[in-house]
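One chain, chain A, links the two complexes that follow: it is found with chain B in the first and with chain C in the second.
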Partner chain A sequence: MIELKEVTFSYDNKQIISNLTLSIKKGAKVGIMGESGCGKSTLLRLMAGLYRADHGTISVDGESDPEKISRKVSVVMQSPMLLPLSIYDNITMGHNYSKEQLEKVIKMARLSSWVDTLPDGIQTYIGDRADELSGGQAQRIAIARAMCKDSEVLLLDEPASALDSENTKSVLDAIMEYAIDKTVVHVTHQLKHLEGYDRIYVLKDGVLI
Partner chain B sequence: MRILGLLVRRNRLHVAGAVGTAMLSNISQMIYMVYIGELVNRIESREPITAKLVIILVCFLISNAVTVYVKHYFGRYAAEKMAHTLRMGYIGNLLKYRKNTDTGAVMSQVQNELSHADEYLSNTFFDITDLLLTGVLVFFFLLFQNVVLTLVIFIPTVLILLYVKWSSRRLSGIVLKALDAKEKMNRVSYSLVHAFPAVKVYNGDEMCIGTYEKSLNSWGEQEADMERLNALYNSLSGVLSRVPLLLLLTVGGYMVLKGNVMLGTLIIFLNMQNTLKQTIMNLPSWISGFKVFITNLDKIQN
Partner chain C sequence: MNKKVIRILKETGMMKDFILMMILRAPFDFLNAVLASNMLESFIRLVERKEEGELFPNFGIFLLFTVLLFGYNMFVWAVVSMKINIRFIKKLRMRVYKSLLSRTQQEMEKLSAGDWISRLNSDIDKTDLYLVGPINFMHMVIAVVNMSMSAIVLFILNRTMLLVSLAVMFPFFFLSSVVVIRKIPVFKKRSREHYARFTNWMEPVVNSSEAIRIFEGEELVMKKAEEESLEIMKNNMKAHKRTALAAGVNTFSGISGYLLLLFLGNSMMGSEIEDVARMFKITQYRGEMMKSVMMVNSCIGRMKTNLPGAERVEEVL
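Showing the complex of A and B:
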């Protein structure tokens, strides 16, 4: 469960989130829409514990310390945020996962058809070739990373913004398939990406409508 | 090369003036050196120094200053004329065939090839021509003075040149590796900053610190290797560069003591060995600079 109570957040002396209260039930799929620069990503980062609210409280599954919230959620950002390491390291982030779990995640993120064609497979070093990856490939690695962590809460910040329509469908379908029993908060400015969601909010002038 | 020929032909008077004055300046310096040698020989053999000799020396001293001035003036003037001809020729052709011109390619050429060729012509071309001319004239002048002493300077200098070429080739490989490691390290640190939210959410601190330290160590090792080899090759090349002078003093001194060579001749060699050495040592960098210049001209021509 995600709870935001009277949350206010300012950046560079500009109030971005104003006295916002929101409650998201466990397993709910919630979409947040709004124009560019309205504070959608900031709200998501607050929920992910990446920012601290100026006022009010944010809790995820009863935890309100931002450091601990970060450990409880998985996030997929607009930019895949890949590191100059192998595909394996980018997915596991240095943690140990079983082979079966990794294979399952790679399949769910729809990476297998590409990874299987690589000479070094999942151990392929993408450090020097991160720019050569397609937006879809890079974003699928980021999704596989989120799936691998297997948190109860999945936060998505326009995960399909850099993808073409074919890749967008494939990536969003993969996410929905995986997150069927998870709590999902998806921030986007495209309504069509929120098909099948339980609730859709619009963020305007720092408040949810 | 065709464009260079064209530029020289179009400015033949200026080029001939620049080359002619450069030769005149060198000849003046060499004659001056011959008289200096004569002066030393007279002192050594305790003969009187005549007023005529002193006047000749003063005249050539003045002549040296004047010819150097004239040489620089003509050189710079010819260089600017050639650069101007190149620019005007390029623009003229551009306007003539503008219908079939790709604007992007033209802009790129103006910014790169033309400006490089222009800069080379204005700043380097005649200086190098002058130094090459000086080197060749000094070589034949010294050869005319004494064959053995000329070879005593020439052969070790060529050997040093070969060593410098070999060591710089080895160094450039190591430098490239060090640059590559540095680039990798910067890329890692940039990626870590960029991906910090992901690192935090996915608790990847340890892995990232490990990656950064690995890239830092790799860069450190490459840098240490580069500096070590740099110090080794450069210190050796510094020591070797003294060898021609040392040989000249040893062999020349021996020949003077044996009476095979006059002290004045040795003084001429001691004075001019540096000019010859510089010409030989700088030859590779001049050639590579000239090659880049010709490549730029060829691109402009195409």
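Showing the complex of A and C:
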């Protein structure tokens, strides 16, 4: 499903990823750990087609063009990356989804109880900096967006790093419930967030251990 | 001048410099009118007296005065105005920056990043345009001085002509500045607000570019940015239509002034005008009055276009 062959990547003349080879099967849940700044997020961005490798090949579901890889994956980043639009627009990103599908992802992302209390519901404008939202609410919208896209591959970059323990559990549970049959790559520096994962790697000096 | 703009000048400590610049520039149009009308009168008198040989030396004198006058004006524009203008912009930007830095996060969050950015950049430029830009406040002052002084001269030379000129001027001035131009600031303010929202899209586009790409949100972002862009254009067009209409009213006012003169020329004023040279002088000042009214009208239109920008800057101070 995800294949990295002899991938090398440098940023600002510093080699971040060195000759890395990795194969992730369909439906597998893979965790990647490492210290801050070791290149975990870079590796995830390479897998998401957001960065282009200097050497080697990356393919997702048989596709190796980074532009097309981006279309095939869903990503939840550390920062929710919300736009100054309504909750609805942030979840759908302008695509048409059925009402049932939307209701389903809102429920799965644990957004229903909060959205139901809003006067404009899902059409509520979330502000220019999404500053009226709590970290948990914003991240849940980002998760709902990823769920709505419903890709076979879900890439997670410390989605719970800015959340308290209660929200962390709620957010991670929501993701795992949804991603039961998806291929998941989750980068984090907290081992406890990778409970139940099939394989866990450690990224050190640009290589996986 | 608008109260908020006066406050900007006070806050930047540039009021005295601005008044000095205004005093230095204000008499230019009138002095030019005095030169032109006297030259015309003098030339006609010389021809009437068959003293053609005096024409060339006379022309030389007027040319010298004209060159001196334009040289003076150029010096004021290029040296005095330029220096004051640069200092004003520098001080205003620093003052706005200082005001931003002294705000709490809560206050900062009341406005979007795009709104702050546009207030710091294009709105400051609009303030500068309002005060010293072409066909704005400064030109209006010059035109008002010219109009008032020409009216005084007309009052002395031929009161009937002054009354006729005023009778033509005021209805058109009222129509143009009160009825037509009045709405321009409303459209321009809306346009500035949409411009701020449009600028505001830059922040999420930069910060959320990865999400936009992954979730194929390009079309949504483009659509939203386009909506804002369209609103900017719509409101600018409405303001532009008003400006064009005001320009039409100006032209019509000029034409009707001539028509009125044609009707009244012989019967009413002919008896009061002693000779041809004097008549040319009088019509020259009448022309200056009309020209100044049109200039004041145009300036008001442009000032109203730039005023919302200045008001947005003043709100920050």
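In this section, the second predicted complex is superposed on the first by the 207 of 209 C-alpha atoms of A that agree within 3 Å, B and C clash if a C-alpha of one lies under 4 Å from a C-alpha of the other, contacts with A are read in each partner's own complex, and residues count from 1 in each chain.
We take it that a residue touches a chain if its C-beta (ideal position, glycine included) is under 8 Å from a C-beta of that chain, and two chains touch if they have at least 3 such contacts.
Quick caveat, the model's predicted, so the values are computed rather than measured.
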Chain B and chain C placed together on chain A: clash or fit? clash
Notebook entry, point to check: Does chain B (first) or chain C (second) touch A:L50, or do both, or does neither?
Noted result: both
With both complexes overlaid on chain A, does A:K149 touch chain B (first), chain C (second), both or neither? both
Item to complete: Please work out whether A:L20 is in contact with chain B alone, chain C alone, both, or neither, and reply first, second, both or neither.
Response: neither
*Which partner does A:V60 contact after superposing on A: first (chain B), second (chain C), both, neither?*
neither
TODO: Could you look at A:I2 and tell me whether it touches chain B, chain C, both or neither (first, second, both, neither)?
DONE: neither
Touching A:I175 in the superposition: chain B (first), chain C (second), both, neither?
neither
Among 58-66, 202-210 or 274-282, chain B is struck only by the chain C stretch 202-210
Shared chain A footprint, chain B vs chain C, residue numbers 45, 48, 50, 70-71, 73-75, 77, 79, 81-85, 89, 93-95, 142, 145, 149
Residue positions on chain A within touch of chain C in the complex are 45, 48, 50, 70-71, 73-75, 77, 79, 81-85, 89, 93-95, 128-129, 131, 142, 145-146, 149
Chain A partner, complex, touching residues on chain C are 109, 112-114, 200-201, 203-204, 207-208, 210-217, 219-221, 223-224
So, in the complex, the side of chain B touching chain A is made of residues 184, 187-188, 191-192, 194-195, 197-204, 206-208, 210-211
Counting only contacts in the complex, chain A reaches chain B at residues 45, 48-50, 70-71, 73-75, 77, 79, 81-85, 89, 93-95, 127, 130, 142, 145, 149
